Every structure is written in C-alpha cells, then in structure tokens.
Amino acid sequence: MVDLDLGPLWLTLQLASATVIVLLLVGTPIAWWLAFTSSRLRTIVEAIVALPIVLPPTVLGFYLLIAFGPHGLIGGPWKDLTGSALSFTFTGLVLASTFYSLPFVVQPLHGAFEAVGKKPLEAAWTLGASKLDTFFTVASPMAIRGYLTAIVLGFAHTLGEFGVVLMVGGNIPGHTKVLSIAIYDHVETLEYAQAHMLSAGLLLFSFIVLLAVYSANRRLPLHVT
Amino acid sequence: MSQLAANFEVTFPTFHLKVSLAVPAEGIIAVFGPSGCGKSTLLRCLAGLERSSSGSMVLNSHIWQDESHGIFVPLSQRSIGYVFQEPRLFPHLNVRANLHYGWKRTSESTRHITLEQVIHVLDIERLLDRLPQSLSGGEQQRVAIGRALLTSPQLLLMDEPLSSLDLQRKREILPFIRRLDSEFHIPIIYVSHDLHEIIELAKTVVLLKEGTVVGSGPIEEVFSQLDLRHLIPENHLGALVDTTVAEQDQKFGLTKLAFSGGHLHVPHQPRQIGERLRVQILAKDVSIISSQPSFQTSVLNLLEATVIEIGKINIEHPFVEIKLDIGCPLLATITRKSLTALQLHPGQRVHAQIKAVALNPETHH
Amino acid sequence: AEARAAVASNFLATFRMLTSDFANKTPHQIVIISGSSGKLYAQIQHGAPFDLFFSADQHRPELLEKEGQAIKGSRFPYALGRLTLWSPKPNFIPVDGKTALTREDITHLAIANPKTAPYGRAAEQTLRSLGLWDQLTPRLVYGENIAQTFQFVSSHNAELGFVARSQVAGSHNQESGSHWDVPPTLHDPIVQEAVLLHQGGTNTAARAFLEYITSPSAQAIIHQQGYGIPDPEKTP
Amino acid sequence: MSQLAANFEVTFPTFHLKVSLAVPAEGIIAVFGPSGCGKSTLLRCLAGLERSSSGSMVLNSHIWQDESHGIFVPLSQRSIGYVFQEPRLFPHLNVRANLHYGWKRTSESTRHITLEQVIHVLDIERLLDRLPQSLSGGEQQRVAIGRALLTSPQLLLMDEPLSSLDLQRKREILPFIRRLDSEFHIPIIYVSHDLHEIIELAKTVVLLKEGTVVGSGPIEEVFSQLDLRHLIPENHLGALVDTTVAEQDQKFGLTKLAFSGGHLHVPHQPRQIGERLRVQILAKDVSIISSQPSFQTSVLNLLEATVIEIGKINIEHPFVEIKLDIGCPLLATITRKSLTALQLHPGQRVHAQIKAVALNPETHH
Amino acid sequence: MVDLDLGPLWLTLQLASATVIVLLLVGTPIAWWLAFTSSRLRTIVEAIVALPIVLPPTVLGFYLLIAFGPHGLIGGPWKDLTGSALSFTFTGLVLASTFYSLPFVVQPLHGAFEAVGKKPLEAAWTLGASKLDTFFTVASPMAIRGYLTAIVLGFAHTLGEFGVVLMVGGNIPGHTKVLSIAIYDHVETLEYAQAHMLSAGLLLFSFIVLLAVYSANRRLPLHVT
C-alpha cells in the first residue's frame, strides 16, 4: 500500500484560495486603472505587471528569498512592522504566489474591463449608482468571464506552482509544504506510485472543480448574442 | 420660476460645442437640430458625463456644476434620468432587474413614479423576465425609458427616446411623458428629429446648429421666427393659439374653444369648461376666402381675418406665407396663383378657413 | 570525440573544472547536462541521449545498472560529499558545532530535504547522532537540494544550515562567516557514484573521461573543491 | 416579372414567426407593424442569419434557401445588403475602411454604386478618417447605409435605416434610395415606423402582426383595405391617384396633373409632360362642399364628386370617413357635425375640395 | 569578468516564438469553438484545457517524458511517422511548452471572442466576407487585446518555464538548454554574478519588448470608449 499524507493538500488549497483572494484584491484595481486610464504610465505599468513570469520560478524565488529576508527590501520593513519574518511562512508564500501569478489575473481582467467599456458605467451612474456600486453591480458582473479566467488561471497556477513556493517556503511540513512539492518529492525519490496517485487526485479534483465552475458560469446570463 | 441655466464648452478634434442656455425648467424642452450638431453632446454635458474646465449647470437652486468655484456634483448624486440614444440596458440583468436598478437607488420619499405605472404605460409586462439581448429594438427602447423614469429624477434627459417605436406606441407613451412635468414636476430635455413629436410635446425649444444655440425660447416664438424658418420644415410652420374650453358638444363629439378672436371647433377633448388649451394651426391647413361664403361647407372653423403681412415671394417657390390677424396671429400658406386670384394686400378683410381635424391641441400648463 | 555527461547539480561547478581540464589534456569534449539526480534518472530511463551519469548518490546508478540502462560493472564512486555547518555570520559557529546548534537565537536551521538529497539525509543523521533532531525539527527548513539550502543561509533567512563543504570551500566562493566541518563519523558517507550508460559504451570520449576522473590531477581538483576522495578499495 | 418568394418559421421562447411571402421583387417593399411584431426577425430570415428547418427563399431565379432540398447558400455568396437596426460598424476600422469592407469584396463587374456617389449622397466626406466610436448616432447610421450600398447587392434589407436622421437628411437620402431600384434594379425590403417614409417610398407593403403577415400587396390596395385600417393611423389614411403630367405653370410654380376624373394642381414638379406620377391625397386634406361655390377661394383643386359610401359612425369618435368617386376613389374625413349639416347620402353629387399643398406626389416607375 | 554563454538565449527565443506560434494556431480554433458552440461538451473541453497548469511543471514534465518516450502514447506514433524521437528534441520542447501554456492562450482568446459576439460577424457576412475572411478581418482585430494577453502570457511563460522544459528537453546545450535553465544552473552552482546578469538581461529585454508591444497596441484604434 502506498501511504499518502493529505496535509499538503489542505495547505495547498488554503494557499491557492488565499492567493486568489489577494490576487483579485490587488489585481482588480490595477486592471481597472489600466483599462480606463489615459495616463502615459499605462504601458509601463502594463509591462511591469507582466514581467515576473519571464523569470524561471526558482530564480524569481531566489530573488524573492533575498527580498523577503530579514535584511531584504520587503522582509526588513515587514519585520519591523509585524515583528515576524516573511520567508518560510504561509504569509510569505501567499505574497510570493501573488507576485508571481499577478499577470494571470491582471491581464484577463484588463481585457474584460476594456470590453465592458464606459457606456454601461455611465448608464449606471445616471441611475444613481456610485462608482463603487457600479463596479460591483455592473462592471464586475459584465466582466464575469474575465474573472473566471483570472480565478482559474490564478488558482490553477498556484496549485501547480512550485519553484517560487519551494524557495520562499522552505518546504516545512504543515506550514509551507504544499502538494506540488510533495508530488515532486515522490517523483524525485522514485516513488512513482505515490506520485501517480497524488497527481491523479489533483487532476480529478481540479477537473471536478473546473467543471462545476464552468457549468455554473454557463448558466449565468452573460453570453454571446 | 424654476430655471435651468447651463454653460458648456467641449472640443473634439473636428467639433466644437459652445452652449449657453437659460430656459425655464418646466415642461418639455426640445433640443432640435441636424445630425451631428451636438445634441447628444449637450445632453452628456448636462448629465455631467462630459466635463469641461469652464462648465456650469444650475437647475433651480441646485448648483450641480460650477467649475469656477470647483463645484462638480458626482453623477450619482444628481438625480438626473438619462435615456441614451442607444438603449444601454445591462446585459447581465433581466428586464425586471434593469428596471429595478435605478429604482432601488432612489430614496423612497422621492419615488413618485411607480413600477406599475411604468410597466403599464410602456406595456412591458410580458418582457419582465427576459434578457435585453433577446428583445427587439423597440422593446429595448421602452425598457430603457422605463428604467430612467423609475429614478423619479429632478431632470430627465431623453435622446431620441421614441425613434424606434411605432406610432401606436408613441401615442400611448407621449401623453405619459407629457404628464411627467404636470404631475411630478419633472422637466424634460428631449432630443428628437420628429417635429410632430416636438410640436406635440414641447413648451420650449432649443435649436442647435454646429455646436451653437441658434435659437431658444417658447416654441411658438421660435417656430414663427422668420430667420429660423429654414430650420423648420415648411409643413410644420404654424401659429400657436391660446384658448379656453368654452363648450362640450356631446352630440357631435366636438369641443368648442374660445380665444381672443372667436371660437374654434376641435375634436372632443376630455377637459373641464374653462380649462386652458394651446392649439397649433399649421399654415398649410389655413385657406383664405375673399368673402363670407353663402353656402354650406364641411369646414367648421371659418373666421374673420385681416391680412397683416404677405411673405416673401420667391419665383422658384409656388407658395406664399400670409400672416393674418384673427384676434391673434395666424399663418396661412397659399399658392401664388391664389394670391393673384384673391388680389390680397395688407389690411384686406378676408375669411380664414381652418379644417377642424387639422387642429393639434395641446396642454402646456 | 564528444560525450554527454549528466551531472547532479551539486557537483556541477567542480565538474565544469574537470571537463575543461580534460578538454585541455585530451582531444575530447564533454557536454554537460545538469539536473537533480532524480530527474536525470527519470530521463535516462526514458531514453535520454546521455553517455555518462554522475549521480549525487549511489542508489540511482545502482538501479540503472540493474535495469540494464547502464553498462554492468562500470559503476564507481567518484567523490565523497562533505557536510559543513555554515553561517554567513562570523563567529556564529564556534569550534564545536554542537554549541552553535543549541543556541537560543536560531529561528531557522536549513538542511536539504532528507528524502531527496543525500546531503539532507546526512544532515538528519548528524542531528540524530548529536541527539538534537527532535529538539530542532520545529526550526528546520528544507531546501529541495543542497544549492537551495545554501541560498536559505546565504540570504540570512536561516541563521545557519548544513551545506556542502564544496559550497563553502570551493574556489568559486569566498563566503565569509563561520563554519564547522561535520565529522564523517556522524553520518553515513555521502558517496557519489558515476556510471557509464549504454549509449556511451562505444563512445571513446566517455571512456577516456572515466579514466581521467580517477587520475591524480582530477582527484586533486575534486579534493580542492571540498570533496573527499573515495577509497578505491571500496569500489564494488 | 421578378418575384421574391419566401417561407419561414422561427420559434423563440415567447414568439413565433410564420411568414409566407410572395411579392414582386421591384422597388421598395415596406415592412410595417408594431414593435416586436417580427420585422427584424423576418429580415434576418431573408438574409439567412436565422435558419429554420423548413425555410425557403427565392429571389427571381436565385434559390438562396430551400431546406426541403437541402439548399442553403452561405450568406457571403448571397449578394444581400443589410442595414441593421443598430449601426454595427466595425470598431477597429475607420469610416473609409468600413465603407471599403463590402466594396472590396464585390466583384468589379457588379459594382454599380460608386464610392463617390455614396459619400456624396450621405454627406460623409468629412467623416472618412474617423473611427465609428467618435461618430454621432446619425453619422453612424449614414455610414452603415453607405457600407451596405457599396456591395451593390441584388437585394437590400434595411431595418429602420433613417430612424435617427433629421428631416433634411432624410430628404437628401430618400430620393437616392428610391432610385436604387429604377437605376440599379435593387429591390429593397424596408422596415420603417414612419408612414411618411413608407408612403413616399413603397410600392409594396407587408403588414406584420405578431409574427404573421396580415396583409401584403401594392401599397394603394393595402392602405385602403377596410379591415387593415386599425393598423394605419388615421391621419395617414388616403387615396392614391395615378396621374400624368399635363401642364407646367411656370408663372405660379405649379404643375397640372391629369387623371381619370379631371385635373389636380400640385407644386411644381421637375417632370416631362406626359410623365406618370402617383399622388396621395390624405383623407384629412379633403373637404366636402355641397354645391359649386360662386366665390373665389385659395383652394385650387375643387372637383366634382359622388358620395359612394359613408363610413361607420362611432359615437365616441367625432369623425366620419366618406368614400367619394371623382373618376377614381377618393377618401375624405369630415366631422359628424358637417355630415349632419351637409345631409350627405350615397349617390349625392358634391364637390371635393383639396388643398394643393397637401398633395404628396411620388414616382413609382 | 563573468563569462556568459548566449547560446541559451537564442534557443529560448526560438522556443518561445515557436511555442507562441503553435499556441496561437492550436489555441485559436479551440477558443473560437468554446466561444460560439452550444455543444454540451463545451464545459468539459473548457475544464480539460485548464488542467495542465494544476500539475507541478516537473511532474507534468515527468508525464510528458513518459508520453513522449519512444514507447509513449505520443512519442511512439511520432517515431513511426517521422522516424525520430520527441523527447530531448527541440520539437518535443515546443510540443511540451504548448501543452503547458495552452490555457494561457485559450482562456483570454475565449473571453475576447465572446466579447466580440456574433453581431459584427453577421455584419461582415452580409458584406460578402466568408467565415475565414471574417475571422481575419473582423473577429481577430476586434479580439486584439485577447491576442495581446495570450501572446504576452504565452511568450513570457515559455521564457520562464522551466520544470517541463528541463524534464522533457534534457538540458542539452545547444539543443534544449534554454535560458531559464542556464540561469537556474548559475544559481545552483552559486555563480550569482552570472545569474544576476542573465536575469537582468532577460528582464530588461522582456521589459523592452513588452513596452514596445503595449505601446503599439495603444496606438491601435480598438480602445475603450
């Protein structure tokens, strides 16, 4: 019998969920700004947002490790503020994943907001909706496909992410040892049976979730006409 | 008296709008002008969707915009209803939710217009559960009107709201729009290309041309201003006459109206005796007869008149406009042939013959 | 001629020196393919076009030999890994490593993953021998390989860690700080074995390189980079 | 004679269209009916955008669809121009490229309509380099018309193409649309709510109601069918009279038309003597006089007439329709009061008085 | 002086370009089908397309290695057809990268096509454009932002991709050793100077490319109005 530790699975789900939430919170305003600004900074910000993914995850992880360290650009102030370190913590993982997956969220949202355009927003304003209200009741439901793409890509990428997490997390069981590392370890140590099982489980689980998400979306009104 | 005062200046690469408006904020204010003259842009300015560095917009005591004092009230606090030129329904919401959208965001105390009223007048009951994409053009337009009405706004902007509706529908909806001001005190800025509609509805007109106001004021003044005639198609030229209801003739279904020069018979109007009515008499519906006829005619309204002025005679144009006095001004369009036959001259006493059915009575107060 | 050698990442830097020295001395060239031993093993299993395999352990070359992917009898140890407890801070580690490991101000101690990396297994054995394993587990962070473990420490995210001596002593790195060389008695030897793969059986460069690797000049380089030289007697 | 024959059946959750059409494929075929009756859906079927398992569509000898024989010609090979209810311009192309889009895809030999013509008639010269998003509603509509015209199609479908244009523009564009058939033999299926437009343009009308054709045929027949009157607003009720140009009165700028019952004077028409003209005389523009008047009047057209039929008298309605014979049928709307005063009865000899200016002459051939 | 081998850079650019081209060729019809089909299979295909990214790259690479092997599901028939193996070749890398990056291309395109909708297509058809013509002259220019997102995500992800490439490609200098692996190797062997230089170069290069792409796109007509 193969022996499976399900701890990494829950941790992974937690990480992916937390990351997606943070990604949406961070990505939405950036995407919104990109879609509607006429600032000259736009192209620069657009380019910067897409940059993290050009680096190999482990290498990005290496730089994040330095930045998250006690003397790092981010880790230093963070320690001063919170009293605790960023590296090797769940929070650090979430931050790193967010950083790495940001383009997968910002880009689809940017496209979706552009497709919504100003007209429906103007209509909502004249109907007494504030800008925030309009965002939640008009812009985001109309950009639902963009959100769907963002969430799926963000979540799935965090599930499969590996290099960054490995580097920044320190692979501490129960804290930062996520599923992808567990599967990786099995492959590395030639425990193929366990690797196959975990992979199959992950795929099946993801497939069911995706299927549920997509068929829910299909039943939503917003579709091609 | 309530007043709408606004100044805007907007520049597009190939278009410049510079408008200064001061009109009574009462009834329906029609904005009229050729395609591309800036009507929609003006409406956008009024709504606060287009913002210029020197704009101002004051409705009654509400200062909604005064850039010189840094005032710009956000749209959502302006209580302006806007029916856009295209329906702009929310595609993710069904008709009911579209209608509710603005209604929910209107405080209960200011909800004068009810959902039932709107659904009834616009006849959209059977559309309530449908999504906008599956509606026909006219159906979408009606829902868009309803959605804007349900915010019970202090000012309603309507950009060609009835353009894709059939006459029957228009007839059902127009009286309701007309009542918005009298019942709920909602002044309406109304863009339309349909002069019938404008004449039927408007108390005030604003004539736009290439981004500037070339005429504005009470419709009867603007429509009889000589230099603006080229903007008003001939067959809409006419006099507006203020009358009071004098008598109801149940037998023949007629209403007799009294005015400074006598009486007019019009199709039955459901009005109280003594009520005020403004009617329009189109110049093309007035014939001139040299003397009191001795025979019977189907023409009910035969009035004594004095020729005041004979319009410009244009050799390329078969018609001449005659300004008559019947106790109030009256315009008549006759052929040059008739002019010669009748040998008309200012001061001459004639009879003006008006077909009752051509009358187009309208409430304005 | 040219041969392709698959090399465990931890030995890569040393291996580069060996191949350039080899290229100077012979007409042959060695193309280096680096990766984790596990990955290289899987690739070889599935037909990777490699001639030589320099693993970080004994286990995988042995398996390859058994499975018939490697030439029987060609397997031999080419280096012994040396474990070092290292901290980038000077004087953090006194002469006796155990006192350093019991310091109160350690929040993280980095070791390589004992499951996947031989250095990790050696580090675990060392801690167990010192009787500190249970006490230190909560503070452990695991690098996927020895390079990552080194990065944890060098970036000050972990105060100290068990790294390869080659990383501290190697000519590439003049890292300051303090270190304690773990006595080989505290853990099983980290024997790194190489094997001639089937494809390389007829490759003259591969065979020549295997000969070169046991030559004194090669062993000098290996030693100089912080590895132990395996006792030829123990070659199976 | 060329013929358009089509059968369609389309079912939406709340709407069912079942149409069987067979009309001459000549001139302008107006599709008329209330909002939501299926006009746009019919056009989509004709274009092949909505496909039903039992549809068929044959224009002249072209079988474009015959599902019973498995024939369905792809849209791109159909040579059908379509002006949609909303402009549907390509947002990524400027006006020029939008216009070129269909033009480039039309073989040179079939390009009857030129870019210059279209740009001139629609007055879109100064818009050519602009992007659609920056155009006003009417500007977009004009470009959309131009884009469809430039494919020089064999059949043109127009869904309320002029709805957001001002009268002046309409007057510029309408004659061009009318000429499409006479010059290029392009029959047009034309959806409009504007009866003026339909009367001015259409040779054939198709009346739709709730997804079915309730009347179709030559406009003069359909518009005087008694049971269809409820679909036609009263003030558009009228007779159509075929005439020939008899005389040009340069002095007074009038044209004299001869018809089976005598002569009519209309404003000057730039026509050759002997040319055929069809005019419409609206019932509301006809007055009835009991006997030949002895006095002078500005009314030029005074014709002898016989009362043929007196319409239904409705107690709630002040008007009555009278059908007269003046050598051809003529309709008059008079008040019930006049009816009593004149004591009209079928067979009675009267005079029909028509204001020249109310005439609305139109070419149809 | 640090000594840099630029071979991996060219190889990486070749790989990324080839992958993006294959991705667009493969992704476009899938996205199109997803956007306009009413088939019940839609949600299933949607879910399947998103699946590869939930697996850790190395693990996915492991499975691809098996599939691409001479006896694998794909490698076997491939060998029969072409006479050469798939694994450890450039072609194999392109295939693997395509597989892995597919969701980054399909999802944005799917969203963009949905936003275009049927109306402009119908207009083009009535103007005499065939379906293919319509696709190239109307649908794809209108979906330009979707393509931009797809290309940027696909390209950048292939640049940074690592696990799959390392596994399937075998890190053979001049053949399958791409830049991300080269940087990784430098980091692994503690040659930080080289790693920093290559990373900085990669980032700078990517930044410039992205900036150029985005500002070109900005000058294109299709924007929010």
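Order of writing sets the labels: A, B, C, D and E. Residues in every chain begin at 1.
Definition applied: a contact is a pair of C-beta atoms (placed from the backbone, for glycine too) under 8 Å apart; a residue touches a chain by one contact, two chains touch by 3 or more.
What you are looking at is a predicted structure, and each value in this text was computed from that prediction instead of being measured.
Participant: Please identify each chain that touches chain C as well as chain E.
Facilitator: A
Participant: What's the fewest number of moves from chain C to chain D, given that each move must go to a chain touching the current one?
Facilitator: Steps on the shortest route: 2.
Participant: Approximately how many whole Å separate the CA-defined centres of chain A and chain C?
Facilitator: Here the centre of chain C sits 35 Å away from the centre of chain A.
Participant: Round to the nearest whole Å and give the separation of the Cα centres of chain B and chain D.
Facilitator: That gives a centre separation of 26 Å.
Participant: Cα centroid separation between chain A and chain E, in whole Å?
Facilitator: 19
Participant: Provide the C-alpha centroid distance between chain A and chain D, rounded to the nearest whole angstrom.
Facilitator: 60
Participant: Residues of chain A that contact two or more other chains, please.
Facilitator: Answer for chain A, listing residues that touch two or more other chains: 58, 62, 119, 181, 184, 187, 225.
Participant: Considering chain B alone, which of its residues make contact with at least two other chains?
Facilitator: 86, 134
Participant: For chain C, give me the residues that contact two or more of the other chains.
Facilitator: Residue numbers touching two or more other chains: 39, 42, 151.
Participant: Which chains touch, pair by pair?
Facilitator: Those chain pairs which touch are A-B, A-C, A-E, B-D, C-E, D-E.
Participant: Where on chain A is chain E touching in the complex?
Facilitator: 35-36, 42-44, 46-48, 50-51, 53-60, 62-63, 103-104, 107-108, 110-115, 117-119, 145-146, 149, 152-153, 156-157, 159-163, 180-181, 183-184, 187, 195, 199, 202-203, 206-207, 210-211, 214-215, 218, 223-225
Participant: For chain B, which residues are in contact with chain A within the complex?
Facilitator: 47, 49, 74-76, 79-82, 84, 86, 88, 90-94, 101-102, 105-106, 131, 133-134, 147-148, 151
Participant: Report the residues of chain A in contact with chain C in the complex, numbered from low to high.
Facilitator: Residues of chain A touching chain C: 58, 62, 65-66, 68-72, 75, 85, 87-88, 166-167, 170-172, 177, 181, 184-185, 187-190.
Participant: Which part of chain D faces chain B closely enough to touch in the complex?
Facilitator: 12-14, 33-36, 39-40, 85-86, 126, 130, 134-139, 142, 159-160, 163-169, 193, 195, 233, 249, 251-254, 265, 267-268, 284-285, 287-291, 293-300, 315-319, 332-342, 353, 355-358
Participant: Spell out the part of chain C that touches chain E in their complex, as residue ranges.
Facilitator: Listed in rising order, the residues of chain C that touch chain E are 4, 9-10, 12-13, 16, 31-35, 39, 42-43, 46-50, 145, 147, 150-151, 167, 170, 172-173.
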